[in-house]
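Next up is a structure, given as C-alpha cells.
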Amino acid sequence: MSEQPRSSSGSTLAPASNHGWRARWFHIIFGHGDAPGRLFDLVLMVAILSSILVAVLDTVEDLHARMGHLFLMLEWVFTIAFTVEYVARLLVVSQPRRYAFSFYGIVDLVAVLPTYLTLLAAGGPHLMVVRALRILRVFRVLKLTRYVGEADMLWATFLRARPKIFVFFSTILTLVLIFGALMYLIEGPENGYTSIPRSMYWAVVTMTTVGFGDITPHTALGQMVTSVIMLLGYSIIAVPTGIFAAELATGIRQARQQQACAQCQLQGHQADARYCRGCGASLHADEYEG
Amino acid sequence: MSEQPRSSSGSTLAPASNHGWRARWFHIIFGHGDAPGRLFDLVLMVAILSSILVAVLDTVEDLHARMGHLFLMLEWVFTIAFTVEYVARLLVVSQPRRYAFSFYGIVDLVAVLPTYLTLLAAGGPHLMVVRALRILRVFRVLKLTRYVGEADMLWATFLRARPKIFVFFSTILTLVLIFGALMYLIEGPENGYTSIPRSMYWAVVTMTTVGFGDITPHTALGQMVTSVIMLLGYSIIAVPTGIFAAELATGIRQARQQQACAQCQLQGHQADARYCRGCGASLHADEYEG
Amino acid sequence: MSEQPRSSSGSTLAPASNHGWRARWFHIIFGHGDAPGRLFDLVLMVAILSSILVAVLDTVEDLHARMGHLFLMLEWVFTIAFTVEYVARLLVVSQPRRYAFSFYGIVDLVAVLPTYLTLLAAGGPHLMVVRALRILRVFRVLKLTRYVGEADMLWATFLRARPKIFVFFSTILTLVLIFGALMYLIEGPENGYTSIPRSMYWAVVTMTTVGFGDITPHTALGQMVTSVIMLLGYSIIAVPTGIFAAELATGIRQARQQQACAQCQLQGHQADARYCRGCGASLHADEYEG
Amino acid sequence: MSEQPRSSSGSTLAPASNHGWRARWFHIIFGHGDAPGRLFDLVLMVAILSSILVAVLDTVEDLHARMGHLFLMLEWVFTIAFTVEYVARLLVVSQPRRYAFSFYGIVDLVAVLPTYLTLLAAGGPHLMVVRALRILRVFRVLKLTRYVGEADMLWATFLRARPKIFVFFSTILTLVLIFGALMYLIEGPENGYTSIPRSMYWAVVTMTTVGFGDITPHTALGQMVTSVIMLLGYSIIAVPTGIFAAELATGIRQARQQQACAQCQLQGHQADARYCRGCGASLHADEYEG
C-alpha cells in the first residue's frame, strides 16, 4: 500500500519494507483495516483492559490477600506481552527512533517499564516508590487512545474555541482568588478557612458546584458571599457550554458540507454516514496511527 | 384498518383477525386512536401508577405496620388485572409468540411474575429473595414507556451523537482511572482512599460535581489535584451539552422542513404543530405500538 | 387611549371610564408608559421589596428581639398601603370582578390578607397558623412578576419545548424510581436507605448532582451503582440544555426576522433593539398588564 | 502614530507628546505591538503573578513562620516596582487625570496603596485592618485584565443577553425566597432552618446543586419539597446555557461575516484567524488600553 495517511497525532509511519514479513506484520500491528489487523487490535485492547483491572483490584486489601499471587503472575504475563508488542513495533517500522520518540512510542514504553523497575526497587527501602510504580501501570489506559478516531472533531472544536476557553478559565481563577481571599478575611481560621490556599480550594469546591461540605461558612456575611459565589458558579457554566455548542454547531455544519467521498467525490454526506450514499464506498479510509 | 405503522420499538403487530371481537379488542388494547382505546390506556396508566405507589409505600415501616394488609390486597388486585391484560394481549394479536418475545411482551410478563413467585419463595428461608421480588414490582414503570411518543426524536438525536458520546464517556472514565490512581497515591488509605476502586468512586463523585463529602482530600497536594479534577469536571460537561444542542438543532430544523401532511402532502409545519395548517388533518397518525 | 394591548397573562383590562380621575388613575396604576405611571411602579416595587425584607429579617431571632416592634409597625404600614393599592385597582378598572379573579388580582389580595388574619389567629391556640400566615407574606414577591416583560419569550420557548421537557422529566423520574428501589435493595436500612421513598429522595439528590452527603453508599456494589447514577445525572442534563438552546436559537432567529416597527413597518431589527432603526419609534408598545 | 483605537474599557489614551522619551515610553508602557512593549508586558505580568503568590503563601502559617521575612522583603520590592510603574504611566500620558480616574488607573493605585497603609496601621490596635490590607493585595490580579482581549466578544454576548439573564436571576431569587420560606415553615429551627435568611442560604446551596450538606431536610414532607427544588435547579440551568449558546452562535456567525481586513477590506475571515487570508496583514490592530 503506497498511501500513508497522516495519523491523528500528526506522525506518519511507514513499514520498514514494502514486502516480506515486516510489511505484513506492519499492517497487522499498525493497520486497522483488514481482518488480522482488527484481531490484533482486539487482543491488544482486551490485554490492556485486563492488565488495568488487575492493577486496580490489586489495591483492594481483601483481594490482594486472597489473590495477590495470581495478580502478580498475570501482571508479568501482561508485561511480557506488552514488551513483545513494543519490540515488534520497533522491528517492523522503517524509522524505529521516530516511533520510539512519538507519543505512542513513549506510552508503549511507559506501559512496561514500571514492572521491571519494581524488581530494582523491591530490595530497597523505599516502599513509596514501589507503590508509585505499581500505580503507574494504570497509565496503560493511554495505549487505548489509539482507537478513538472520533476524538479528532471534538479536539478541533476545542482548538478553535481555545482563546475563549482561556478567557473563561482566567475569569474562574480570578474569581477563585478574589473570593478565596475574601472568605479567608470574613470567616477566618476559626471556621476552617486557615489560609488563602485552603480558602481558594474551598472556592473551587463551591464555584464548580461540587460542594463537599468539609469546609462551610458559619457567619451570616460569609453565607451571603457564598450565595453569590454559588450563583456565579451555577450560571457561569453557561459560558463554556454556549461556546462549545456554538462552535460545534458550526463545525458539524461545515463537516457535513465539505466531506467528499474518496472514490466518487460526492459531497454533502450526513454526519453519521459510514458509506458514500452515491457509490457505497467506505467514507473512513484505512488509517495507520503511530 | 389495513395500514399497520411500525411502532417505535420496530415491531409491527397485527390483529388476529380483521373482524369480530378479537379485531375490536385489538384496537382497544393496542390502539391509541379512538375513545375506547384511549379509555383503556387511561385505566391502565392509573393502575400502573397506583400499583407502583403501593409497592413504594409498602417499604415505609410505619405505613407497612398500619396498612400492610390493605397493600397486600391491592397488590393482588393489580396483579390479577395485569395478568388479565397480558392474557388478553396474547389472545387478540395474530402472532402471540412475537408479542411475547417483544420488549413490551417481556415487560408485561415481568410486571406480574414477581407477585406469583413470592408465593413460592414465601415458605422458603430466603428473606432476601422475597424482598427482591417485592422491589421488582417498581419495574412496572416500564409498561408506561409505551405512551412516550416524543421520545423518538430525542432517541434519534442520541443515536446520531453516539460516536461523540462514546468518546466523551471514554475520556471521563480515563480521567476517573488516572485521577483515582493518583489520589490513592497522594492521599493514601489513612485519608479514606483505601483502594483504587474506592478512589475511583470518589473521582466520579468529584468529576460529576456531586460531591457527597464522605471522602475528602486532606493534604495540600491532594487539594490541588482535586481542584484540577473539579475544574475539569465542571467544564467538560460543556462537551455533551454542546454536542446534543448542535445535533438537536440540526434535527429540529430537518424535521420542520421534511414532515409532510398525510392528507395533502403539505410540508414545512412548525415543530409543535398537531394539525396540518393547510387542510387541518391530524399530523399524528394512529399508532399501534406493541 | 383606545387600543388595549393584551397583557402577558392574556387578560385585557380597560379603564372604568375614558375621562375623569378614574381614567387618569387607571393609566398611573396599570400603565407603565408615562412618568406618573413609572413613578407609581417604582414606589410600589420599593414597597414590595421592603415589606419582604421586613418579613424575612423578622424571622432572625436576634433582630426580632431587638427590632420586633419596628418590624410590626412597618408591616402594618405596608399592609395598609397594599390595601389602598388593591382598592384603588378595583375602583379604576371597568370590570372589577374580572380583575379580582385574574392572576394579579388574587396575588394582590393574598399580599394583604395574611396580616389581617393574624389578628384573628393571634388570640387562638394555633401558633403554627400565625407562623404560616407570617411566612405567607413573602409571596408578595409575586406582585413583582408584573414587571418582567422579557419573560414572555422564555415562556414561549418553554411551551414550544414542553413535550420534550415532559419526556425528559418522565425519564428522570423513572430512573429515580428504578435506582431508588435498586439502592434500597443493595444498601438496605442498615446504611440509611430505610425505605424506597427515602431511597428515591437520595436518588434525586444524586442524579441532580446536589450530593448533600446525608445518605451515602457503603457497600462496593452500592458505590458502583452510584457511579452509574452520577454519570447518568451528569450527562443527561445535556438533554434539556440542548433542547432549550436549539428551540431558543430558532425563536431568536424568527423574532429578529418577524418583528415589525409599529410606525413604519420596517422589519429585521436586532434582538436587543429598543427603537426602530428606520424611524426611531419605540419598538415596545405601552402595555397594560392586569 | 496618529491613530488611537478605542480600548475595550472605552477610554482612548494619547501620549503626552508625539516625540521624545515620553512618546517612546508611552508606546512601551501602553502599547502591546512591538518588542519593547511586549517585553514590558511580560515583565509586568510575571511581577503581578509573583506578588500575588507571595501574598497568598504568606497566609499559610508554616510558610509564614519559615519565610515571613523573605515574603515581607519581596512584598516591598513589588510595591516599589508597581509604584514606579504607576508614576511612569502618569508621566507619559497626555491627560494624567483621565488615566488616574479610569478603571485601570484606580486598579494600579489600589495595587500599591495597601502596603503603604500597613505602615500607618501597624502601630495601631486594629489587627483586623492590617489583615484586610494584606489580603487586598490579591486584587492586583485585576491589573492582568488589561491583557484579556478575547473577553470583548463574550462581554458583548453577555450584554446582548442581559435582559434574559435578568429574568433568569429574578426567577432564581424568587424561587429561593419562596422555597426558603416554605422550608423554614416545614422543617423549622429544630432541623437547622433557624431563620428565613439561613433557609434561603440553604435554598441557594440546593438550587445551584452545590449541596454542602451542612443543613439537610429531616421530615418526609421536607424531603419531597427538596426533591422538587433540586429538580428545578437541575433543569433551570438549561435556560442561561441555552440563551448564551443561542446568542453566541448568532454572534459568531455575524462576526465571521462582518470582520473586514484593515488593509485590503476582505471580509469573511474565520473566527480564529489572526492574519488576513487575502493579503496576510494582521487582523488585530495595535491596541492601546488604559
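In order of appearance the chains are A, B, C and D, and numbering begins at 1 in each one.
The criterion applied here is as follows: a contact is a pair of C-beta atoms (placed from the backbone, for glycine too) under 8 Å apart; a residue touches a chain by one contact, two chains touch by 3 or more.
The structure displayed is predicted, hence computed values, not measured ones.
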Ordered by label, the neighbours common to subunit A and subunit B are C, D
Across the interface between the identical copies subunit A and subunit D, with over half of residue numbers shared counting as same and under half as different, the residues used are different
State the chain with the largest centre-to-centre distance from subunit C, centres being mean CA positions.
-> A
Mean-CA-position distance for subunit C and subunit A (Å) | 44
If you average the CA atoms of subunit B and of subunit C, how far apart do the two points sit, in angstrom?
-> 31
So which bits of subunit D are touching at least two other chains?
-> 168, 197, 200, 209-213, 233, 237, 241-243, 245-247, 249
Contact footprint of subunit D on subunit B as seen in their complex = 209-213, 241-242, 245
Could you pull out which subunit C residues touch subunit B in their complex?
-> 159-160, 162-164, 166-168, 170-171, 174, 177-178, 181-182, 184-185, 194-197, 200, 206, 209-213, 216, 220, 223-224, 226-227, 230-231, 233-235, 237-239, 241-243, 245-247, 249-250
In their complex, what parts of subunit D are in touch with subunit A?
-> 52, 55-57, 59-61, 131-132, 135, 138-139, 141-142, 144-145, 148, 150-151, 153-154, 157, 165, 168-169, 172, 197-198, 200-201, 204-205, 207-214, 233, 237, 240-241, 243-249, 251-253, 271-272
